[in-house]
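Common to both upcoming complexes is chain A, partnered first by chain B, then by chain C.
Presenting the complex of A and B:
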């Protein structure tokens, strides 16, 4: 029998507070856990968590477009690439600090995204997929073409500037640098998730979802289709560019092979496996892309399955065979297949169903009505009683 | 026509109806060549003419013709893979991301049958086509049919996972070393004849004829046979087809099998130009075919072939003549042209427009 909590009662608030506190403690203590308590090869594992966050933000941005606005894009690698190269060029050639490059990368990508959103007004579905595919395929080629700026296929190496400042508790060694990078990127990630959540809960977010569910109904209800469709394209591209900036920080270089079509496809896979049309789905999606896929790949190419440096078993068949590393690709395919069949709503949906076995949150009608009225008309917000009759107007 | 009218007036009505029909037909034909369409075609023609004049003055007419003929190879193959994509789009309503990999697997099967089991090339290709068709029918039955046909995201994900599985399976089965590809046509260095001073290889001619025949057979299959009629019916309206007693599952399975066979045929033919091939050789072909299918309109078989030829010609000509573009950017320019065409005609050149109801 699951515990039942009513929304916005003290018990429910306490439950939320405890849940968020646990999440915060886990996130903050990851460097310490991986680095010092278990004595494992610390910076590598911390860096993988950092990489996970980079992927999570990219998936989040893609989800805003595919999951919430229903426009299919398989060219988001280009936006990640633009962010990455903006940062790399500014840091390597003009000596900017990493974080300041966001100021250039985000508006740039937003504008490019809006630009791509304009043809997307006429072209939809799979036709749009081809247009975005063209953009995604274009990016690495353009990078190679404009070699003088981007460094071509040699890539662009930025100087490492991740020495932690003196007020932080870390020393200036590998571990300290990894931890400092982890917290910097964690801060950006949290900001991006909060932004995405607020966007989806706002008037614009509801308009975008209305467009996804039925364009004609949405436009009849007064939603400005061209405005919201191009804007969400731009916003999604901006999220991708932030992810690109994070990747540039994490890798401390920009290469033409990374933001290629494979990345776009991998991001879509992460999106679906994590859970389409959810904000939090980006987290399990990214965890899967970085940890499970990487572990499988390492296992397949070496023939040993190692988790956290502990060898679980080894397969001699793979060691002797050339191309044996490709078994990881097969496993990825099978994994994707299993998720699509068993968890159609993605991992996050499975986790939610699991949670529902233990905790159920019941809606609180009077509180919901009150909140709705406050949102609709902040001036008259006062009495929660008797305001249940007015549904939220579709805008 | 109303039944209660007298025979005389019935005759008159018939004449009027016939005249009306003729006028209607003429009007529709006229409408098809509306001012806008004439303008678009005019722009297209003008661009092609200007480019041709530029190209001929640049390097002379012989090289121009030679390049056109060379580009037809790629064009026909893109067209053939695009047909496979179109067939699956008509059957299932999604782009089959695994199409290129399925065809790639077919090519390796062909090499296997030819090199290690001693079959002649033609039989090996046929055998590979049959095995691919059976495999695709199995995939449709086990992985696609369990899903609601309107659940497109899930089906796309299934095709993506098939992509990964085959892409991983082939190197495990056949190794990662590149393989040479046999050809069913005379393929020695001096197997060619001259036409207007243009060198045409028998091998290329063979590919054009094979793909042409395949297109002819597919359109006959779709237009003249019972299963073809059923397939067109299912792709036009699934619910109604089910109501009139068509076994929709089996019909869609037929579509998948046909698509896989065509794809394998195309890949076996194109592999020769990319040899020695490894397990990633279909990647570029798939992008171009994807583009061709879209340009042609996703639900038109003929459109796919014509668009495939257009993409092939555009790729070679632009890459060959405009130095700034070169062979590397040719892909991009071809895709950019497609984007422009799609902005003007959102459902491709030959695709049927979707009418939406709320």
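Presenting the complex of A and C:
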């Protein structure tokens, strides 16, 4: 029998506090966990966690568009690329600090995203997908065309290192740099997740979801369709650009082959496998893209399947086979199929179902509590300002 | 109504712009970019091209000599090179080359990756993606290292090669190499594949004093011994190769010819293209059209439709991987039949690139290429002791001896082994400083991996290029259903420019003067 907790009760709040505290402890101690406690090859695994967060923010941005607003984009690699190149150019050629480049990259991508949102007002579904595909396909070509700025096919390398400042506990060595990079990227990631959560819970978020569920109904309810559709495109692109900036910081380079069209498709795979229409789905999606793919590629290269350096079994047949490394891509395809059939809500939905076997949270939103209180004691419960016992209408 | 029209217009403009950008004429844009390129590496390479081109055009004519195998190369006394007896941080090689490891990171360890039993080496190359075929190089190298292990290894040490897949993406190469650097368990990096891939990592490797040896690319940049002392190449550089092509075409078509090119759109492809463009200036050879293709291109059909429209006399294929096979197939299946097809040496593996043609009922015959290393599938070489050893070890290791890309892996592994052997003889014994000194001082009067066992040498600040010879050969078949071989255009001679190319700096200086 699962434990039942009613939402917005002290027990529920305590449950949430413990869960968040555990998450925070795990996140903060990852460098120590990977670096010292288990004696694992330290900076490598920290770096992979950093890379995971870069992907998570890109998937999160894509989820705002695909999952929450129902508009399909398979060109988000271009926005990641714009963010990445903006940072690389400003850092490599103009000596800007990495974080300051966000000031340029984010508004730039927001505007480009809004621009791309304009066709989305007229077209939808597969037709919109084709337009966004063109953007994703055009980006590497444009990078090569403007070689004098972008470095062309050789890319741009930013020689500026992300050294930990003196007030941090880390030295300026590989471990220190990896740990400092991890916490910087973690801070940005947390900010982006909080922003996404607040956006979705805001009036604008509800408007966007109303558009996804039924455009006509949303319009009748007073939702400004052109405003919200272009706005969410811009916001999604801005999230992708932040991811690009994070990638540029982490990889300290920008190339035409990384934010190519395959990244757009991979991000969609991560989104579906992680869980569309969920904020937290971006995390398992990103974990899959980085850890499963890299583990499989490494296995095909070395002939041994290893997890955290522990050898599980031999896959020598992949090593000896020409193109054996393709197994990672094949596995992604299989996972996508499996998730679509077995877990239509994605990994996060599966985890929630699993959690429900142990802990069930009964909904008890504030407006319902207020209504129940009013019904029980109509004289004492005054109607709060702006509330009629229903959520605010969406405009 | 007005806003709807505006929205429609905006949509049309946006879509047309995107379509134009996505499907834009790579040819014109690419050519313009190629000529006007200002990216540091490409500029450097471009300048190298002009001089190399000039130098080689002369030497190609003047230095065409009967190959002697030895080539008059003298092996230095390795025991007098290496770690300085008084200053342990200083290592000295030939040609005025030295390295001061006190400038390396404070935690730099000369014995990293080297134990009494093992030497750990790392390689990153594509094992998946369109260029996955090159992944076999790593398997070939491991096979050779295993063989060396059975013969006693390097002073009893086995050579262990760890492999990672980078899908030929420079960003992934950098991630792989960063991870390798951080693990602090490798003595050196071996044969990182691809020009952009090596350019993405060479600043890091040089900063960390990690030997980045025998790059799997023929970029002229790898001769930059002054600025990147920890990085070396191995192959004949693309500029020299392109220049030799021009030399050959000038002789073959004295009354002029129209050239068409299919070029891999990265620094590697452009080095060939620029060498040819520089070489044909002032001659009656003209460039009719250049088509660029991306690493992610599904096929080359559209490019060949455009090239066929020129009806050019000569087709130059300067690409790699599966695109080599696709390009030859397009020529053979199409109505346009250029009089000569010249292809980059990167497409020289018959087992990897010509065998798929045979499977399609095609041949690839008469394609001209520059050979430097032996083709183990060539029947002429069936009694060559090194080729026989290769076949024997392939069979023993469970690898297919009909796949000549494994032999390419053997070539890189052979040079690596010889470098390690030389380093072991040096003052201070086998350590990473001496490995780097050996890589820049190695002299092999006879190299069994090369055509006619042609010797090679490196000489510190004087000669930073290992392979500086080649031989033009034509792919010839006797039976369309059987794999053919490359037959030399001139049976008895090599174009040998050993020691003439110098370093990237001297090449650049001469170019500016020119």
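Methods note: the second predicted complex is superposed on the first by the 365 of 395 C-alpha atoms of A that agree within 3 Å, B and C clash if a C-alpha of one lies under 4 Å from a C-alpha of the other, contacts with A are read in each partner's own complex, and residues count from 1 in each chain.
Here is the rule we go by: a contact is a pair of C-beta atoms (placed from the backbone, for glycine too) under 8 Å apart; a residue touches a chain by one contact, two chains touch by 3 or more.
Keep in mind the model is a prediction, meaning the values are calculated, not measured.
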{"item": "Contacts of A:360 with chain B and chain C, given as first, second, both or neither", "value": "neither"}
{"item": "First, second, both or neither for A:4, with chain B first and chain C second", "value": "neither"}
{"item": "First (chain B), second (chain C), both or neither touched by A:124", "value": "first"}
{"item": "Which partner, chain B or chain C, touches more chain A residues", "value": "C"}
{"item": "Which of chain B and chain C A:155 touches, first, second, both or neither", "value": "second"}
{"item": "Touching partner for A:344 - first (chain B), second (chain C), both, neither", "value": "first"}
{"item": "First, second, both or neither for A:265, with chain B first and chain C second", "value": "first"}
{"item": "Touching partner for A:145 - first (chain B), second (chain C), both, neither", "value": "both"}
{"item": "Partner chain in contact with A:224 - chain B first, chain C second, else both or neither", "value": "neither"}
{"item": "First (chain B), second (chain C), both or neither touched by A:137", "value": "both"}
{"item": "Residues of chain A that lie at the interface with chain B and also at the interface with chain C", "value": "119, 122-123, 131, 134, 137-138, 141-142, 144-145, 261, 322-324, 326-329"}
{"item": "Residues of chain C that touch chain A when the two form their complex", "value": "7-8, 10-11, 14-15, 18-19, 21-22, 24, 26, 29-30, 33, 36-39, 41-42, 105, 107, 126-129, 132-133, 135-136, 138-139, 162-165, 167-172, 174-175, 178-179, 181-184, 195-196, 199-200, 203, 265-267, 270, 294-296, 398-399, 403"}
{"item": "List of chain B residues in touch with chain A within their complex", "value": "89, 94-95, 143, 146, 153-154, 157-158, 160-169, 171-172, 174-177, 279, 287, 290-291, 294, 298, 328-329, 331-332, 335-336, 338-339, 342-343, 346-348, 356, 358"}
{"item": "Touch list for chain A against partner chain C, complex", "value": "41-44, 47, 51, 115-116, 118-119, 121-123, 131, 134-135, 137-138, 140-142, 144-145, 147-148, 151-155, 157, 159, 173-174, 178, 251-253, 255, 257-258, 260-262, 297-298, 300-302, 319-320, 322-329"}
{"item": "Residues of chain A that touch chain B when the two form their complex", "value": "119, 122-124, 126-127, 129-131, 133-134, 137-138, 141-142, 144-145, 214, 216-217, 220, 261, 265, 268-269, 272, 276, 321-324, 326-334, 336-337, 340-341, 344"}
